[in-house]
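I'd like to ask you about the structure that follows.
Order of writing sets the labels: A, B, C and D. Residues in every chain begin at 1.
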Amino acid sequence: MESPAKSDQVSTGRLESFSDGVIAVAATLLVLNITVPLPDKTPHLAHALGSQWPIYAAYAVSFMTIGIIWINHHAMISRLAQADRTILILNLLLLSSIAVLPFATSLIATYLKEGHGQKLAAGVYAGSFLVMSLAFSALNQHILLRKAHLLGEDLGAERRRQILARSVSGIIPYTIATALAAVSPYATLAICGAIAVFYAFPIGSGG
Amino acid sequence: MESPAKSDQVSTGRLESFSDGVIAVAATLLVLNITVPLPDKTPHLAHALGSQWPIYAAYAVSFMTIGIIWINHHAMISRLAQADRTILILNLLLLSSIAVLPFATSLIATYLKEGHGQKLAAGVYAGSFLVMSLAFSALNQHILLRKAHLLGEDLGAERRRQILARSVSGIIPYTIATALAAVSPYATLAICGAIAVFYAFPIGSGG
Amino acid sequence: MESPAKSDQVSTGRLESFSDGVIAVAATLLVLNITVPLPDKTPHLAHALGSQWPIYAAYAVSFMTIGIIWINHHAMISRLAQADRTILILNLLLLSSIAVLPFATSLIATYLKEGHGQKLAAGVYAGSFLVMSLAFSALNQHILLRKAHLLGEDLGAERRRQILARSVSGIIPYTIATALAAVSPYATLAICGAIAVFYAFPIGSGG
Amino acid sequence: MESPAKSDQVSTGRLESFSDGVIAVAATLLVLNITVPLPDKTPHLAHALGSQWPIYAAYAVSFMTIGIIWINHHAMISRLAQADRTILILNLLLLSSIAVLPFATSLIATYLKEGHGQKLAAGVYAGSFLVMSLAFSALNQHILLRKAHLLGEDLGAERRRQILARSVSGIIPYTIATALAAVSPYATLAICGAIAVFYAFPIGSGG
C-alpha cells in the first residue's frame, strides 16, 4: 500500500513545467506596464515616449532579473532527482514572490520621477528582489542541507555548502539596494541593474 | 481500424501541459489585481499602499490555494496511465473554475473594506473555492471509481476510497467559509487562508 | 548536406508545447472580461453582479469551446509523426484565430443587452468561432490529404476522409449561429453554447 | 568535483520550454490591444469596429511575425545538443525584445491614423522588429561560429555560414521598413506584413 507521504512525491519534470509557466508569464506581463500615451493628451509623442524612460529602465532590469532567476532556478531543480511536498510549498512561495514583480516594477516606474513616494517605491522594488532572493536561498538551503537524499548525484557536504554560499551571496547586494532607497531611488534602480548585469556576464566565466 | 473512442484517448503528458499552462497563468494574473496608486491622487504613498492590505492578503491566499490545487492536480493525474474524453471534459470544468479565481480575488479585495457588498463579495470568493473543490472531487471520483482501469497501477478499492475521502474532505471547510460570509467577510478570508496553510504544512507530514 | 527543406521539419513535441501555451493563455485571459463593479457607482452589488450575466455566459461558452478545440487539436497533432513548415504556418493561422477569442467574447458580453450593436456583436462572436473551425479544418485537410506521409501510422484513405468529415461538420452549426445573429443575438449565444455541450458530451460515446 | 562552468549548462529542453512560454504569452497578449468600443460612446458599432482596422492589421502582422520567429527559434535551438550560460543570456535578450512587441503593436495601432506621431510610432514598431532580428542573429552567430562544439551534429563551416547568412538577411528588410517610417507609416506596416508573408510562404519551398 502506498503511503501518504509517497503520493506527495512529484517528478521534477512537472515542477519545472509549472515554474517555467509562472516565471515566463511574470516576465511577459512586465510589458503591460509600458503604456501608450493617449493621442488626445500627447502633443509631442517623442517627448512623451522619452519621458517614460523609467518605465523602460525598470522593464529591462526586471526582465533580466527574472530571466536570471529562471536560469538559477533551473540549476537548482536540475540537481534534484525527485521533489517532495515541502520542496513544492517552498517553491510556491518563491514563485509567488516572482509573480509579484510586475507590480513592484510598475510602482518604481510610476513614482521614480515624482516629487513624493519615490523612495518608498524604490524600497518596495528592491525589497521585492530581496524577498525573492531570500525565498530562493531558503529553498536551496532546504534542498542542499535537509533533502540531500533527493539529489540526483551525491555532491558531498563541502560542494553543497559552496553552492549554497553562492546563492546566499545574492542577498547582500539586494539588501544594500533596498537600504539605499532611503537616499536615492535612482541609485537603487542602478544597483538592481548592475546586479543583473553582474550575474548575466560573470567575470572570468569564459562563456 | 481505429475506433472513434480510441482516437479520443489522450496521453496524460499533454493534459498536464495544458493544465499547467492554465493554472500557471491564472496564478500569475492575480498580480494584475494589485494596482499602483495614481500619483496625482495619492498624497501619501505609504498610507495608500498600506490601506490596500486586503489586496495583498487576497493575493497571498489565492496564490497559495491555486498552487496547492496544482500540487493535488498533479497527484491526481499522475495516477492515470491514460485519459479519455470524459476525463478531459471534467478537467476543463475544473480548469474553468480555477481560471475564474482572479476575478473572485479582485472582488473580495475591492469590497472587503466597503460599507456595502462586502459579505456578498466574500461569499462569492469562498464560493469560488467551493466550486473548485467540488469540480476537483467530481473529477477525482470519476477517475478513482469509474475509470479505475485507466490507472497506472492497481490501487485496490479501499485505497481508492481513502484517496477520494481526503479529496472530498476539502469541501467542508470551504462550505463553512462560504456560509460565514453572511456573518463576517474577514472571517471568510481568514478561513480560506487557514485552509491554504493547513494543506501546505500538514500536521505530522514530516516534510 | 542538410537540405533547407529538412531544416524546417519540426518535432511535434515543441509544436504542441507552443500551441498549448497560446491556447491556455487565451482561455485564461477570458477572465479579464469579468470586471469588478466600482464600489462608488454600485449601490447594490448583488444587482450589479446579476446584471452581468451575459459576461458569465460568454465566459462559460468561450472557455469550453477553447477547451474542446484544444482536445481536437491534440487529436489532430498526435496523428503526426513530424510537422513541416506549411503545417506550422497553418497552425499559426489557427492559433491566431483562437487568440482573438477573448476580444470577441468581450464584444458580445458588452453588447448583448444594449439597445444597439448587439446583433453585430453576436455575429462577430459566432463568426470568430466559424473562422476558427475553418482554420482547423484547413489544417486537418492539409495533414490528412496532402501530408499523409507525415502521419505516424498509415490510416488508409477512407479513414482519413472520415476523420476529416467529422472535423468539417463543425463548420455548419457555426455558420447557422453566425447567420442567426441577424435575428436574435441570444439565439446565437445559445447555439454556440449548445455546440460546446454537444461536443463535450457526445451522444453514445459511453465516456 | 563539478566545475562552476559545468553547473551552468542547461538542457535545451527547459530552454525551449521557457522560450515557448514567453513567446506564446507575448503572442496572446496582443489581443489585449483590441478593445471593445464603449456602448455609451458608440452610436454605430459597425463604424466603430471598422475604424479600428489599424488595430486588426497590426495584430495580424505582429502575431504572424512572432509565430515565425518562434519557428526560426525552434530551428536554431534544435541544432544545439546543449546550452551554456552565454547562450542563455543572449536568449534572454532575444526574449525581452519579443516580449516588448505587444507595446510596439499597440503604439502603431493607436497612432497610425492620428494627425501627429504616426511616423514615430511606425518607426518604433519596425524598429522593434529590427532589434528582435538583430538579437536573433547575434544569438545564432554566437551558436554557429563560437559554440559549434555544442551543436548536435557537425555541420561544417560552410553550412554554418550559410545558415547564418539566411538569418542575418532578415535584418535588411526591417532596416528598410524602419527607415520608410519617416516617409509613410502605412508603407512601414505593409512592408512588415509582406516580410511575414514572405517568410511564411517561401517561394519554391514546395511546402
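We take it that contacts are C-beta pairs under 8 Å (C-beta built on N, C-alpha and C of every residue); 3 or more make two chains touch, one makes a residue touch a chain.
This one's a predicted model, so the numbers in the text were calculated from it and none came from an experiment.
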> Taking all residue numbers at the chain A to chain D contact, is the shared part over half or under half, that is, same or different?
Replying inline: different
> Greatest Cα-centroid separation from chain C: which chain?
Replying inline: A
>> Using CA atoms for the superposition, what rotation angle relates chain A to chain B, in steps of 5 degrees?
In response: 90
>> Just the number, please: Cα centre separation of chain A and chain D in whole Å.
In response: 25
> Taking each chain's centre as the mean of its CA atoms, how far is chain A from chain C in angstrom?
Replying inline: 35
> Hey, what residues on chain A touch two or more of the other chains?
Replying inline: 17, 21, 25, 29, 32
> For chain C, which residues count as touching chain B in their complex?
Replying inline: 16-17, 20-21, 23-25, 27-32, 34-36, 39, 42-46, 49, 59-60, 63-64, 67-68, 70-71, 74-75, 78, 155-156, 159, 163, 200-202, 205-207
> Which positions of chain D touch chain A when the two form their complex?
Replying inline: 1-2, 4-5, 7-8, 10-11, 14, 17-18, 21-22, 25-26, 29, 32, 84-86, 88-89, 92, 95-96, 99-100, 102-103, 106-107, 110-111, 114, 116-117, 120-121, 124
